[in-house]
Every structure is written in C-alpha cells, then in structure tokens.
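Structures for review follow.
There are two complexes below, and they share subunit A, which is joined by subunit B in the first and by subunit C in the second.
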Partner chain A sequence: MRSTRRQISATGRLVGVLTALALLGLAACREPLEPPIGAAHPGETTPRRGGKLRLASIGDLRGALDPATSAEALGRGAIEIMFAGLVDYDEAAHVVPDLASRWELSDDGLSYRFFLREGARFHDGEEVTADDVRRSIERALHPSTPNPWASLYDMIAGYDEYTQKGAAHLAGVVVEGRYVVSIHLHDKDARFLPVLALPTLRPVCKSAGERYSDSWAPCGAGPFRLEAGGWDHGRSLTLVRHEGYFRPGLPYLDAVQWTYGMNMMTERFKLEAGDLDIVRDISQADVVRFQTDQRWNPLSVFEPVRSIYGESMNTEMPPFDNVEVRRAVAAAINREHYREVRPSAVTISNQAIPPAVPGYDPTFRGQEYDYPAALEHMRKAGYPYDPATGRGGYPGEITYYAYRPGLQEYTAQLLQQDLAKIGLQLTIKLVSFPTFVALAYRRKTTQISNPGWTEDYPDPSDFFDPLFDSSAINEDQSQNSAFYRNPRLDEILARARHELDETRRFALYGEANRIVCDDAPWAFTHNYRFYIVHQGYVRDYRAHPVWPENVGKTWLDRAADAVSSTSPGAAASWASLTGALSRPSGRRASH
Partner chain B sequence: MIRLLARRLAWAVFVIWAVTSIAFVVNNVLPSDPARMIAGPQARPGDVARIRKQLGLEQPLGQQYGSFLRRLVHTGPTTVAPDDKEHANCATFGPIHLDLGRSYQQRRPVVVVLGERLPRTLWLAAAAMLAQVLLGVATGVFAAVRRNTVWDHLAVGGSLLGISAPTFLLGLGLQFLFAHELRWLPLDGYGLTFADHAVCVVLPALTLGIFGAAFYTRLVRDEMIGLMKRDYVRTARAKGLPEWKVITRHALRNALMPLVTVIGLDLGALVGGAIVTETLFRWPGIGALSVTALLDRDGPVIMGTVLLTSTAIVLSNVAVDLMYAALDPRVRK
Partner chain C sequence: MLDVRARKRFLKNRGAVVGAALVVLLVLFAIFGPLVATHDPLQSDFQYGITGDLTPSGPNARFLFGADRLYRDEFVRLAFGARLSLFIALFATLIASVLGAVVGIVSGYYEGTDGIRLPWASLGSFGGALVLLVLGHVRPAEAALCLGLGLLAITALVPSLPVVVRRGPRLNLDTALMRVVDIGLAFPFLLLVMAIGAALDRTTATTILVTLGLTGWLGAARVMRAKTLQVRNLDFVAAARALGQSTPSILLRHILPNVAGPLIVIATISVAQMVVAEAVLSYLGVGMSPPTPTWGHMLFEGQDYYLAAPWLLIAPGAAILLAVFGFNLLGEGLRDALDPQTD
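Let's turn to the complex of A and B:
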C-alpha cells in the first residue's frame, strides 16, 4: 500500500515536472521578438564605406561559381556581383548598359554593336577588352561546357555551326576594335537583350582560358571578388570589394558573406542577436510576427513576384483532352483557399504572367473561381454532375502528382476537394522532387500536376515559350508539361519574338494570355513571394525583380558598440559563458 | 584469433561490396535524372541531354557499373601530377588509388569532398559517444541503485522521453535554451579554430548524446539491477567492501559487457553521419552531405557516402567481435 502511494506520488511529481517544462517551452515560443538594431546615423543619407554584410541561406551553394554553368538560384546572387556583363537589369527589370557604356542596333534589327567602357578591369587587374567578351561567349557556348542555358542563345548567328558542327568560332560574335564588339543574330529577336543580361555570357578573366574547366578560380569584373579561401564548401562564401571596379566609389561594402545550410529558426535567432544583417528564409509563423511587430515591419519587404504556379493538365490524356473539362477545373478552383495555406507568402494568380515581369496586366481578369460556370463546363464536356445527389461527373480516376516537402502537399488536398465538387475524383501521389520532375514532364504519364515556373529573365516570352508553345513539347523532359498545342498561339508567340516595338509586343502577349486562360492548359492558381527582413543599419537595400541579392549600392551604418552576441566565433561564446546569465546589453533601436 | 579476424574481414569486404552494388543499382534505376538536377528544372531538354552525355549517363547501366568498379580501387603512380587527368580524382595510398569519381554538382573529386567532411563527422561522433556513454552509464547506475524511488522514476521517465523525442526537437530545445536565451554557446556552425570546434560541438553532441544515453540508461539500469542480486555481489558486501566499490568494481564492470556491442554499432552509425543533427546544427559533416547528395541525385557523392558508412559500420562490427573474443575466451572457441 505504502509502495503504491509512493509510486503514485513519484508519478505525480514526474508529471508535474514534465508539465512545467512543457509550459516553459510554450512560454518561450511566445516570447516577443528582440528589437532590430538601428542605424548609428539615421538622418544621414550619404553612404558610408566599409563593413561586411552577412546573409544566410537555408540551402547550400553546390555548383561551381562560373557564369557559364551556374543553374542555382543561390549561386545567381553571388555570380551577379562577381561578374559584370555587357548589360544588366535595373530595378524596373529594364535592360541597361553595364560593362558596355552603350549599344547600337542596326536598322534591320539583326546586329547589336556594344561599346565597352575603357579602363574597366577584371579582378586580376587585366583590362576588359572586346577579345575577352568574344572569348567568354565562345567558352560559355562551346559544346564541351556543361551550360544549362546555352540554347537560350540560339538566336546568335552561327550558333548551330559552333555547337553542333564543330566550327572553330561563333560567327555571330565579331570583334571590331579593342573596345567594340558586335553580336549578329540570324533573325530579329526581342529576347536577345533580356537573355544577354543574364550571367551566362558575362566576361571572365583570361585565366578561365578558351574552354571550360571546373578547376578554374572564379574571376570577373564585378564589384566583388573571391579571395583564396573565400569559399568554404558547404559552409560559407565571402566576397570582398573589387577595388578596380569600373564604377567609381562603388561598392560601399567591404565584403558580403553568405552562410549556407542554416535552418529558418537559426536564421531568425541570429538576426535577433545581431549576427545576421538580412534574412530571407522565414517561416510562415515568423513572417506574421515580423509583420505585426511595429519595430521590424518598416524594415521588411516582399520581393517582387516573379513566379507562377498552376495545375497543369495534360491535354493529350483524358479527361483533360477535353477543353471543357479544363475550363471546368480553372473555374472550380477557389484560389482564396490556396492563399490561406500560407497567407503571407502566397498571392492569387489568374494569368500566365507574374506581376514583376514586364507585360503583366493587373486589370486582366483571366481565370477566376466561378462554381456555377464550372458545373456548366462539366455539362458541356459530357460529364454533368449534380452536387445535390453527388451523381454524374467523370467516371474514371485521375492521378495527381505532387512533391514534398513543399506547398503542394497542402494545395493538393484543396484541389482534390474543389474538383470533387464538380465530379472529378483525384488520387494524390506524393513523390520526391527529382521523381516529380521525371514524371510530370514525360509524355502520356501524368494527367495533372502543379508545376511552377520562376522567371529566368524578365520577359513574357520566358513564360509563354517554354510552357505553352508547341515547339517546347518533348517526349521526355517536356517543358510544355500540358503538351498543349495551339497553332494560333504558336503564331502569336513567333510574331512577339520578332517584334521589337515594346507596345505592339506586349499587346501580342496580352492576346496570348487570353488564349491560354481560355483554353486552360493550366489552371493558374497562385504566385509565391519571399519576405525579407533586415536590420535598421542596413541602408539602401531594395528588393530586385531579378536578382535575389541587390547589394551593389547597399551600405552599413552600424554603431561600433551595437549588440553582437555568440556565434560564429567561439571566443564570444566563452566570453558570454564566463560573463553572466543575463542578456548582453547594447544599442538597439526603439522605434 | 587470426583465423577469426580473416573470416570477419572477408565477410566485411563482401558486405561492403553488396551494399555499394545495391546502392548503385537503386540510385540508377530511380525515375530521376541527375543531369536535370544539375541543369535545373527549367533548363531546355537539349541542354539537359548534352550534360547527360558529358557525364556519361547515357551508357548502359552495366557499363557504368563496370566502370565504377574498375575505377574504385586501382593501381597508379604514387604521386599524381597536377596535369594527370586520368588520376585527378584519386586518393592515393602509395600505388593503390581510390577513385570515387567527381561530384556532379560540386565538380570536385568525391574523395576530396569526403576528406573535408570525415574529420568533422569523426569529431562529432567522438563527442556524442562520450556524452552518451557518460550520461547513460551514470544515470543507469544511479537509477539502479535508487531503484523504485522518485529518482529511478525520473531517470526511467526521462530516458523514455529521450528515446521518444525526435532529435530535431531536442536540438531545437537546446539551441533555444543555451544559444538563444542564455547565449552560452553558438547556435550552430563549426568554427575556424580548434577552440571554435570544441565549443561548437557541445550542442550537437549533447543532442545526440541525450538521445543515445536514454537507451544506455535503460540498458545499464536493467543489467545492474540483475547483477546487484547476484551471489558475488552479496559476497563482496559481506566482506565489508564500501557500497561504491561494490557498485563500480563488481556490478558495473560486468554490466558494461552488453554495452560494448551497442557502442560499437552506434559508433559505426555515427561515423556514417547524424543526418538530422548535422543539418540542424549546420555541422558540415557526412550526414549533411548525404542529404544534399540524395536531393540532388549526385550519384558519385551518394556512392561515396554509402561506401564510407557501410565500411564504418562493418568495421565497427568487426571491432566489436574481436573485442568480445579478447574479453571472453568462450567466443574464441
């Protein structure tokens, strides 16, 4: 009896201790955010030089830092500031001069003549010349180079001969003097300047040689350079200022450092501790906390929306070979429910062009939720469905592929519920991303899936050409995952590619947008946007419509005694260990 | 003893060959394309096809496997010249070369990538093992000695919690308390100097240590309770030995025998990389590398980590067998 009482008493105490620990944990989760660290001279607008900007990423930079081969979003930010191109994108996504001070377009629209800035230097001190431009382009497009973007440049004259028929040089790239280089196209192509502004063809130092080698030490003419030991694989990348950068006075920062593989919570903790300056990987819960915190809210911004997501319906497989079924799906999806899955990051999409891309028309209604219309389309398709009795609808089962981890895990269930209301029964199959990529783009394999497309370059052609032009249909790895074929659309897209007048060109894409929304190879569902938070002392940091990190003109105004705590240095850890249990004090913004 | 060692080593070589062969086949028959993962999901099919060809992925599977095995261990020059492309990916042990190929994603020799990561994982494994043995044995002995008291219940309940709680939860809790709140230790990372490494290893080692110690606690407690009732322990007490000597010299020493087996197996698994813990604490070891390689379908790195892990586990098993044989003459027979 006594023993039983003792046991009950011991169990009770154990439960009490565990409950107390759980409550402590819960209380910790609800703790308010630490305040941001403010600018040392808030009234000052003249940029100050110096300081290291510290960024982090949940992912790891794996591929080589070579503009000719990089395919990673993570590498793109670093490559953009290491390698200057002939042209670049401004903050409105327009193509502007960079290493070239200007360019001329011939009357026939086939030749671009670029005039290089004299005295622009590579990181190794050598001057950038027209020969370097040609060598870098030929190196990037050579068939031995593992360049994932090479075919984007197939409009350059002589491309096929150079890449497939063994020509020694790319005929379309002609050096016309030490500082003048011309690029000839085999046809007028409005996509040329936007794709030229991508990093792929940017000039690389002579040390890169004529042909690609993966043992090359990255070297370009951008505002930041890589020092020996600056890239610690799997951990961090540090770039330092290129003192010979051709824009006087820039950049203001001494260095930019990325730390890789950091989980979201750690990023937040480090931002709060003053150990990170800008954070981009933020959990849904933390986005809400930052948004509702009046001290952090003014220091945060949503990146421009440059991707689209939608339910891609295979137009070669039943029931989606029936346009009325596709229209029914486009009308049956309540996109507001998609948004509610992650309200801070997801916005509703109703068309093929995302908001950050030139040509986007905010007044265009495109596809919208309309349940009665969806039922009517099902009736026209020959599959009438009665919601009251649940009778009718498409008799077969439809397999839906989604990958995890990702938003699709959740939106798949919403789609399943929405389509059940019009008589379409989905079976969801969750797979890994590599498997999804293998299955969703293979002919006659996937009836419906939810792929996304993020801009490669800011132009409507980057969305219409790969996703809806019939020339993008392939047996395997088909970018046109709906296997959609419409001669009228193909003709409009071909005209738009060759139309150099922007107004007429965007009108053509407007027409293409209407066709795609009506034919519904995709039911457009949502866009995804990133949320960025920075410290108050980070000045002139603006989200860019193309580049993930827009730090070319950013400067730091941090007080010398501002809070800096533990990681990554162990010395700081020991100092704090031997100090006190209390939080360190320091200068923090009170706004 | 030598015959036992030879038999075990032959068996180990067979197991390693079997594991790597299965991994090779599985990795290559999965419905995914490493070239697509390199080029990115938005690259055009023509560009992907060119990269696939450059990597030799268009060759039949048997041919790729044969090439992998031929390359894996071969002979070559003792020192590799910088311009020797044939042996550029090799780790050399005199004239014996180990060549795991070149990482598709990192475009570096896999032996170099593994060479960077292995010491870090070994460091974490050693620290974690120390933590889990010290914590597990101490708590297990304490619980056995205080059997059926509140301390025993706390130890058993705590160990249950330790086994049940996912390591990521435990790690996050430790990060929150010791790094975010108290700011005694770094949140994550590896550091640059030896002092950095020593401080940075504490939280991940504790995370692994607490998880592993929970199992050890129950094992040692149960063994100790059984042993404390044995005649030789009673005799030791009757001879007037102090209780601590009875516990440590007579009971504990024998209770540790089954622990040796478990430690051997755990050590092998830890060398293979603690995937969750390394990822959570941004520990740049084999575990974090394995995750990235799997997600990227980076075949050469996957094969490298599989080979390393299976070798570590098999060799630690051999070591345990030999240790048992050394400790217990019956096994030698």
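Let's turn to the complex of A and C:
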C-alpha cells in the first residue's frame, strides 16, 4: 500500500515537474507589444499647453533636492528643471546663456562678467539679482556645505582662502550692480564655463539663507517648482509649472511627475497601458522588442553616449608595466564582440572621449583590433606567442576582478578568450561591487580591470584629468586606476586647461588622445547608452547630451478621451498590470 | 548491496525505476556528452552562434540546444556542467556521509555513558580565552585556549593526578557532538555554506565540494545516531562486547553494516541537495568563477533572455530539475526497498 502511494506521489511530482517546464516554455513565448498612444493632432507643430508628464525610475531619490549638494544621477533631472543657472548646456553640449543674457570675458582671460536678465523671478516671486548669485555661490562652496563638486570650482580667485582659511567671502565673486556679477579666476581656465553650467552654483531663493541647511524647501528660478507635499519621499516627486519663469510661454507642461522604485517590467507594462509617458529603464530583451516593433521604433531614441569603459591596465604591475604588453592587449580585443554581448545598449569605443562630449573626433581611429599587430607587440615585449602551437606568451597568471550585476562578467569572458590568443592567461574572479571598488582603485593591487567613467560635465578635461593625469594617482581610491604617469601628457593637459581658444584646445586634447591610445594605460572597449521610449503624444522630447530628462520644451498632444485618469497607487498599478496581462481589445476606450 | 527481495521491491516501484533511469541518463550525459562535443565549451562562436538580429542562435543541427549569450554551445556547456555538477555533488556527499556516519555512530554508541571529566581549571582557561577574544586580544586568547586543552589532555591521560586538579563536570562525547550538530542545524544550510565558502575562498571545484561536504553531514549524523541507538542494544553487539572485541572493531563490523541502509538512502537524496546547493551558489555568483560552465551560472546567464532565447533558461533549469527529481526518486525507492516492513 505504502509503495503504491509513493508511486502515485512520484507520478504526481513528475507531472508537476513537466508542468513547470511547460509553463516556463509558455512564459517564454513572445507576446506582441501593445501599440503606443498616438498624437491627437499629428500634423500640428504649434505646442499646446497643459498636461502632466509621467515618468518613472527603478531607483529612489534619497538626498536633498539642493543643487549645492546633490550627487545623485536620479536627482539631476529634477534639479536641472527646478534651478536655472547663469549658463546652461544646449543640445550639442555647448555652454549657452540662461539666467545671464550674456557674458563678457576680460582680455587677460581671468574675469567673466555676467549680465542677468532683468525681471527673472524665483519660485517665491522675488527677483533674481546679482546678490542672489553671489550668495548662492558662497553658500554652495562654503566649507560647511557637504558639496561633493566643490573642488571643480577651485579656479575661482580666493577659493582656498574661503574654503580653508576662514575668509568671510569668496573674493573672486564680485557684485557690480543689481544685474551684473563678475567672477574672477586666479588663472586662465577653459573648464570654468562647462563646470559653471552644472547645477551646483545655481541661484537659490533667499529662503535658502547664507549657509546650507537640509531642512530648506527647494526653491529656484527654473521652469518647474516644488509645491508643498509634492515630494512623497520614497514614492514620487511632482513638480508644477513656475508661472513666473523668465522665458515667456514656457514650459508647456503643467507638471512633471516621477514615480520611484518601480521595477523595469512594471514600467514597461505601465507604458503599454498608457499610465506612463516616457520610460528609460528598459531590459535588453525589451529594447529588442521595442526596436523591432514598427509602431514603437519611431518613438524611441538612444541617449547620446557620455561614458567610456575600458580595460584599465596597472602600469606599475607586471606584465602591464611593459608598454608593449599594453599595446598588445589594446590590439587583441575584438570590440565588436563586446558590442554583441548587449547590442541594444553597447557601442564600441576606441578612444578616451565619448561621442556626446565636444572634442570627440569621429575620424580618429584610436585603438583598433589588429591580431597580427597584437602578436608583434607581444614579441617586442619579450613574450613571443605562437598561436599554432600555443607555446610562449606571458608565463604568469593574471587575476581579473569582475563584479555582478552588469556586463562585466560577460565582457571579462570575452577578454579572457581574446587575450588567450596572444598568450596572456586571465583568471576571472567574480566579486561584489564594493570589493571591486576597494581592489581596482588601490595601488599595486589589481593588474587589470574594467572601470567606466561617465561625464560630470561635457568636456574632454573631465575624462583626461581624473583618469590619466599623474596628479590623480592616489594610494587608495585612485581615479587614475592604471596609475599611469606621463610627464608629456601632464604638460599637454595643463596647457589645454589654460587654452581658451576652442580649436587650439581641442587640438591639444586630440594630441592627448593619441598619446593615451598609443601608451594604452586603458584598452578602450565600449560605451554604454540608454534607450528611451515615449508615447506618440509626447512631442518635442529630445535626448540631451547632459541632462537625463530634457523636458523644458516638451508638450503633450493627448486626445481628451485618451487622457489617463488614473493616479499612481496600488489599485491603479494592479489595474494596469492585469490590463496588460489580459490584453482587453478595448483598452484605450476604457481610459 | 540489495538482496533478492529488496531488488524485487525496488523493480516493482515505478518511481524508483524512473529515478534510476534518470540518474543513469544523467551519468551517461556527463560522461559521453563532452566526448561527442564539436565545440569548445569556453569558446564563443561569432560566426554561427549569432543570428542576424544579434541574438543567440536557437537550437539547430550545429548547436543542439542553441547558443548562449556569449554565443557558446549550450549543449556542450550543459554536458560539462553535468560532469562538474555530478563530480561536486557525489564527492561532497561522500565527505558528508563519512563524516555523518562517524559522528552519528560514535555519538549513538556513547550515548548515556559517563563521558570524560572536564576539569574546572581547563574550563576556566576556555572562558578566559573567550573573554580575551571578545576583548580583541587574539594571541593571549590562543594561549589560554592551548592551556585549557593541555590541562584537559593531562587530566585525561594521567589518572594519578590529585582529585583537586581533576575535579569538574563530566562531558559525554554524545552530548558534545550532538550540541555541535544542533548549532550547525540552527543555521540555514545555504547561509552556512556561504560562510564556510567565504572562509575557504571558493573558486575551484575542490573548495566547493569540500565546503558542501563540511556543511552537509549534520542531518546524516542525527539519523545515524538514532539508528545506532537501536542497534547497539541488540544481543549480537552485547555478545561481541562480552567476547572482548575492541570498540572500533564493534563499531565497524557490527554497528556500521546494520545502519548502512539508511545511510545509503540519505546519501542518495543528499546528492540531489548538493546539486541544488551548487547551482544556487553559482546562480548567486558565489560559486565557481566564469567561464566555468555550471548549471546555476547558466541559469543566471539565461534569465535576461527568457523572451529572446528561452532555451537558455529551459536547458539548465530542466537539467537541475531532472537531476534532483531522479536522485530523490532513486533515494526514496531505495528506502522502500531496504525497509523489510514494506513487504
């Protein structure tokens, strides 16, 4: 009897196993995407006012919405539209006037005089004046302010005295009239305007006071403002139009809303259900689906590439202290293969400047895959390798740390395959991200790793100075992770910093790029880009080279009957989820 | 191992036969799969492994189970994974079974005996060592620990020591071992595996199987002890003792053969647990490092592609499911076959 019962339960379990497999197969079947919701007036190009733009993110906004202290990528989009600066970046990443209608540069290149727009108003109705500009800059750079970007502004005259020696004011910032403010530098510095366009020093309302306080309610002069109760911490942030914004008629949107902590799949379901207008967090599989869907493809866009990734080789540790070995690695990597690990998000890279950054030269060939050259470099390095017999090569083992999650554990395996073909044997160790950070940036610890660098501001100096200048070498947490030291490069970078003529300056960075590609402290491998999908009724939405959400001129052209009446909440999420799962044919009519 | 009646019972049990068949298939796959392989399991094939829209090739004549996300042969990787998985699971089970049997039998045999005396002096040294360790004085703590152990050894070996020195509570070997088992069982299995694994810096198959073996014996020890408690009071054991047979000899020749049945059953089911444990470790990224093909790692690599390349999820998932299912059925079949009460 007992035996029979066991047989039944065993058979039952076999059925269970097979059912599980079948369900797995079923779940894997491709489902077509729901169609996007189109524009109500497709032919019309005159923007319409009104509507709330609904965005979402897998992350959560944690820090304060204060331009002086925010270091989060997630908060950058909100801060950019809440606070207007003297200058901003245009869609080609060039610095353009914003709160300042124009600026003048003195003949010696040391003083910038900014002329403010008259009548520009903060969210609290007060006029923006030169005093506010000075107060905001001093507040942001005061030593008591936890400002992670402060050192970017060390070119301002009196910076050291103000931040380290207790000076009452920042001597370099001088009010010359109600609408005129001058900023003096202690040395010519081409990086000044690009870093000034970052949110850090942007004018804040008088309610912010002279010194930083984390209890301040954010208030600036940007096109959108935060109302009381607009930030539901951990859930959502809603910004509404600033009616006193200095550009007449703008912004077109009534409000912008971010919902935080939404997972990728829910974001996609909500986009399909019409409960989100723009989605930026998309899995590889879904990117492929959107790209291959003729209805969604025209409504999607890749963000400009503003980061670089590469195999950083420690120039102080064997075998990478030998420049020929580094050149061999740079020539041995087939970058096309890296791209094929995640074709939707990865583009190949061959140089130190990514495409979205001014100074990028698309004709520069940089480092390229050239297998015979790689073998030749190995021979010159003293480690000749014969691919036919597998003899020769570097006799030691090379440890490669990779972390999860991310692309690294896959690119590491491709690198291992490529380097084995020139006689370099890698042993991959999978570690946690904190361990990776602890090991990869510590002196004489890691032979080779794959770090990345995303721009802080769109300028070549933001890539060369931290990654390849010898002054960026530290015993620990060294941003120059290759511990690369080249006096000639240091000298070129110093000259480029002081060169205000853009053509000559970019020529210097071109020279720096050639040196770095040839000396190969990094073998540049790939860039990473975000994919954005929006509804058809979202108009004039363009990806920006710096800002994650470029909604300043965006408008909504949504038919009245298609406007979703749902508000974020558990019931709405569930309805959209079940709606998306059951695929009712009259979905849009129900909204 | 199985007598005629047991074999009959086993063959009549359909579940057991299915389990045995699955296990045999798995072993054949592990042995011959890599031999018939036409691809290197570690080498990407960017010519045939990739489709026009840059996704991995699906199952075809060249790639029986399709290509993985690095365009390697999924079938070959699965076969090498089977070899590795079985190797780790079998040897980890061997370690766990031997340890479990030794601890369980010894513990059960000595249950209820007086045990050895723990002198207060040596207990005091252990306490001192603990306090010193908490305070962060590692070297003095080690010295105190050695002192305690030394005193314990001396009192055990030299019976003529004054009573004052030897005085202290008695500790039964059974109690000591079972408390160790209790402490071990108090931790979730995988947590314990990960903790021991972290200490051993698991990167090779050997360290992983040792880790799994060192953590997997606790349950077996419990069962072996219970079974030994039954057997040790039987007449033939008493007779052996009366005839003057040594304790090791009694344990090996009389107790072990009589508790071997449950041990075999436990070991068989344990293989299934080890397969899962190894897969979980690899899946979580704390097992063997890439590019070594393991089923858990393959499952992890495939999950992002559940829509574009479902075979990458189904192949390792099915392999794990069927292996676990097979060993569990086989183990249960053996239990029923070896249990005389089934007739």
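A few points about this structure:
Note that the second predicted complex is superposed on the first by the 536 of 591 C-alpha atoms of A that agree within 3 Å, B and C clash if a C-alpha of one lies under 4 Å from a C-alpha of the other, contacts with A are read in each partner's own complex, and residues count from 1 in each chain.
As a convention for this text, contacts are C-beta pairs under 8 Å (C-beta built on N, C-alpha and C of every residue); 3 or more make two chains touch, one makes a residue touch a chain.
Just so we're clear, the structure is a prediction, and the values are computed from it rather than from any experiment.
Once the two complexes are laid over each other on the shared chain, residue contacts for A:E511 go to neither subunit B nor subunit C. In the superposition on chain A, A:E303 makes contact with neither subunit B nor subunit C.
When the shared chain is aligned, subunit B comes close enough to touch A:P466, but subunit C does not. When the two complexes are overlaid on their common chain A, residue A:Q284 makes contact with subunit C while staying clear of subunit B.
Of the two partner chains placed around the shared chain by superposition, subunit B is the only one that A:A64 touches, whereas subunit C remains out of contact. Shared-chain residue A:Q413: touches subunit C; no touch with subunit B. Ranking subunit B and subunit C by residues of subunit A touched puts B first.
In the superposition on chain A, contact of A:N147 is made with subunit B only, not with subunit C. 3, 6-7, 9-11, 13-14, 17, 25, 28 are the residues of subunit A that lie in the contact sets of both subunit B and subunit C, per the superposition on chain A. Interface residues of subunit C facing subunit A in the complex, by the touch rule stated above, are 9, 12-15, 18-19, 42-44, 46, 50, 53-55, 69-71, 203, 285-286, 289-291, 301, 304-308, 310, 313-314, 317-318, 321-322, 325, 329, 332, 336, 342. If you check the complex, the residues on subunit A that touch subunit B are 3, 6-7, 9-11, 13-14, 17-18, 25, 28, 60, 62-64, 71-72, 143-144, 146-152, 214, 233-235, 259-263, 265-266, 269-270, 272-273, 432-435, 437-439, 453-454, 456, 466, 472, 474, 476-479, 565-571, 573-574, 576-577, 581, 583-584. On the side of subunit B, the complex with subunit A involves touching residues 30-33, 36-48, 50-51, 54, 102, 105-108, 113, 116-117, 148-150, 153-154, 157, 161, 172-173, 175-176, 179-191, 193, 195-200, 279-280, 282, 284, 288-289, 292, 295-297. Within the complex formed with subunit C, the subunit A residues making contact are 2-3, 6-7, 9-11, 13-14, 17, 20-21, 24-25, 27-30, 283-285, 288-289, 292, 336-337, 340-341, 343, 402, 404, 409-410, 412-414, 416-417, 427-430.
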